[in-house]
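Shared between the two complexes below is subunit A, which has subunit B as its partner in the first and subunit C in the second.
Presenting the complex of A and B:
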């Protein structure tokens, strides 16, 4: 599941934001490293909703997302119905 | 008052994606009108012809700029880039606050607008709407996208007057420069083709519906057999510049703008009115301080609607009589609506440069109701010193612009 989340999330960044997949490393800051801005985040949310069939637009946790890994963890938590972000801890 | 000249042109047209390609197509008598695949699926749409432009090289525009652009804004940016390059105006001038950007269109991107409806309406759900749809749909989308992309920091304005939009843009730019408010203004219009755009004319019986099987034979401006307009798309952009500024930097000068007028008819929302067309033409000539006989070529609006062509021919006859050549370019590139004034002015400037008037394509037999003016049926060699460009739009909007070839001084 984690692998699928990473693959699909990275697809969103390639398709919607035209970012080369070589740059899509977990530690990449989506603003400073990948060049997204606040408007792009709106479209990121729409694209993630469509990609994963989830409703996340009003989820407060989006505000804390900084890196690609944050997104992977967030989606993982959503898919598992969890309010925490276990993906990071799980990886460690 | 300052003098105003044209120092750059750029075009994305149904006949090609630069000025040279458009002029080449017109000079060869080519029609860009074709049968539009897929349009037959729209119930009630009878006109299945259009004059599409080609969307290409759009990824040359950086994503951060491109994301807020619908099809028409991409056309506008590409035409604007050509015009800036042609004019040779440096970036520091564009971003000095002394250069403006006035680009009009009938409305925002029709394609994006339809996408918004398709996303939102089925479940009345706004949560799936991307952030950029708004910026693609707004009425000033072409002007703001060009200004953003090119870093223009002077006045940014978007006249929205349907088929007169780009001529109003040129007139507004002319006014700003002659009043000393800007040194240069990038002016023009943009439009995109979509079944809903053609449909809005089709509903009121203004489109060509008899030539779905032989699209090259329509539209037929001023012709006895004409049956309505054909929508096209693209963008025409011109660099307007203060004469002294252009001379100082030794810019190439296409022509001087010497007169302009726009006025309302105040009588009917869709039917053009010869009385107010006459007023508009006379006021434009008055502004230019010339007489009708000083005009060498009239580039007509003439879209091939029955009523519109009748009224325009009558107005031209009343003002100019029957001795000044008149032609319409709609047979080549269709009616590019908000882009028609600027695209056709660019073609008229090419005629001025080449000393030839291109004929009205598909005009075989002039309608008796359009008679009494000097129609051009085949290429006509002519020393063109002064041209007048007409645009007449829904809403009773009339506009006319007068340009003069600049004599070497």
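Presenting the complex of A and C:
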């Protein structure tokens, strides 16, 4: 499931923002490294909702997202109905 | 020199325009006001610091007549003055803090300068489109803040979203050599050569099919490529 989330999330960045897949590394900051701004984040949220069939627009945790890894963890938590950040915990 | 000239010229031209506005329509008075600001900028950057600071302006498409959205890189506090090199009636998009500068901030506000931080995006967009339709060009620094060095920051996409809707041309503007003129936080100018290159316009028909994210990065890449050439020539 984690792999599927990573693949689909990266597809969103490739399809919606035409960002080269080589740049889509977990540690990439979506603002400073990938160049998204606050309006792009609105587009990102819409695209993620469509891709994963989930509703995330009103989720407060979006505000804490900085890196791609944060997004993977966020989607994973949404899919599992939890508030944990499993990807980060796996690393420790 | 800057302070002395400003202390004399700003009250003088403000009184002159205020007097003229009694006899002119609001639109004509604003045009005159913005023209005066442009001349003030030209004197500040081209005449007062000469020959210590030299400005080299190059226009790749001097025949452009219609209002445009100028998009420039932002290294220094001198950028808003250097913009006076550009043709036509101009309104700049600024951060909130320039409005707080004594006298200059008030003049900027009276001239209709806009800050996206002071209004919702929809209102900002409406005001930009209104100005463009009046024949006023818009000047933006989409990095949002001065880099104070040679690195260029990421672009904010608001103005590119508006351009896609408003259907006006985008004109990239490249500024180099002024990263220390003046140093960030200081007013004192240092000697140097500043280059301002206005590139050919990107017509709406050329970019209308791009997404805002792609468009902003394309314009950023165009500016970065020209800056590379400008700095190699220095």
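Just so we're on the same page, the second predicted complex is superposed on the first by the 90 of 92 C-alpha atoms of A that agree within 3 Å, B and C clash if a C-alpha of one lies under 4 Å from a C-alpha of the other, contacts with A are read in each partner's own complex, and residues count from 1 in each chain.
To be clear about the criterion, a contact is a pair of C-beta atoms (placed from the backbone, for glycine too) under 8 Å apart; a residue touches a chain by one contact, two chains touch by 3 or more.
The model shown is predicted, which means the values in this text are computed figures rather than measured ones.
Asks: Considering only touches as defined above, state whether A:43 meets subunit B (first), subunit C (second), both or neither.
Replies: So A:43 meets both subunit B and subunit C here.
Asks: Let me test your reading of the model: by the given contact rule, A:18 touches which partner, first (subunit B), second (subunit C), both or neither?
Replies: both
Asks: Is A:52 in contact with subunit B, with subunit C, with both, or with neither (first, second, both, neither)?
Replies: Touch partners of A:52: none, neither subunit B nor subunit C.
Asks: So, does A:32 touch the first partner subunit B, the second partner subunit C, both, or neither?
Replies: second
Asks: Where on subunit A do the contacts with subunit B and the contacts with subunit C coincide?
Replies: Residues common to the subunit A contacts of subunit C and of subunit B are 17-18, 35, 37, 39-40, 43, listed in rising order.
Asks: Which subunit A residues qualify as touching subunit B in the complex?
Replies: Residue positions touching the partner: 17-18, 35, 37, 39-40, 42-43, 46, 49-50, 55, 57.
Asks: Of all residues in subunit B, which touch subunit A in the complex?
Replies: Listed in rising order, the residues of subunit B that touch subunit A are 63-64, 67, 127-132.
Asks: Which residues of subunit C touch subunit A once you look at their complex with the stated criterion?
Replies: Residues 121, 154-158, 161, 211-214, 216-217.
Asks: Enumerate the contact residues on subunit A facing subunit C in the complex.
Replies: 16-18, 31-32, 35-37, 39-40, 43
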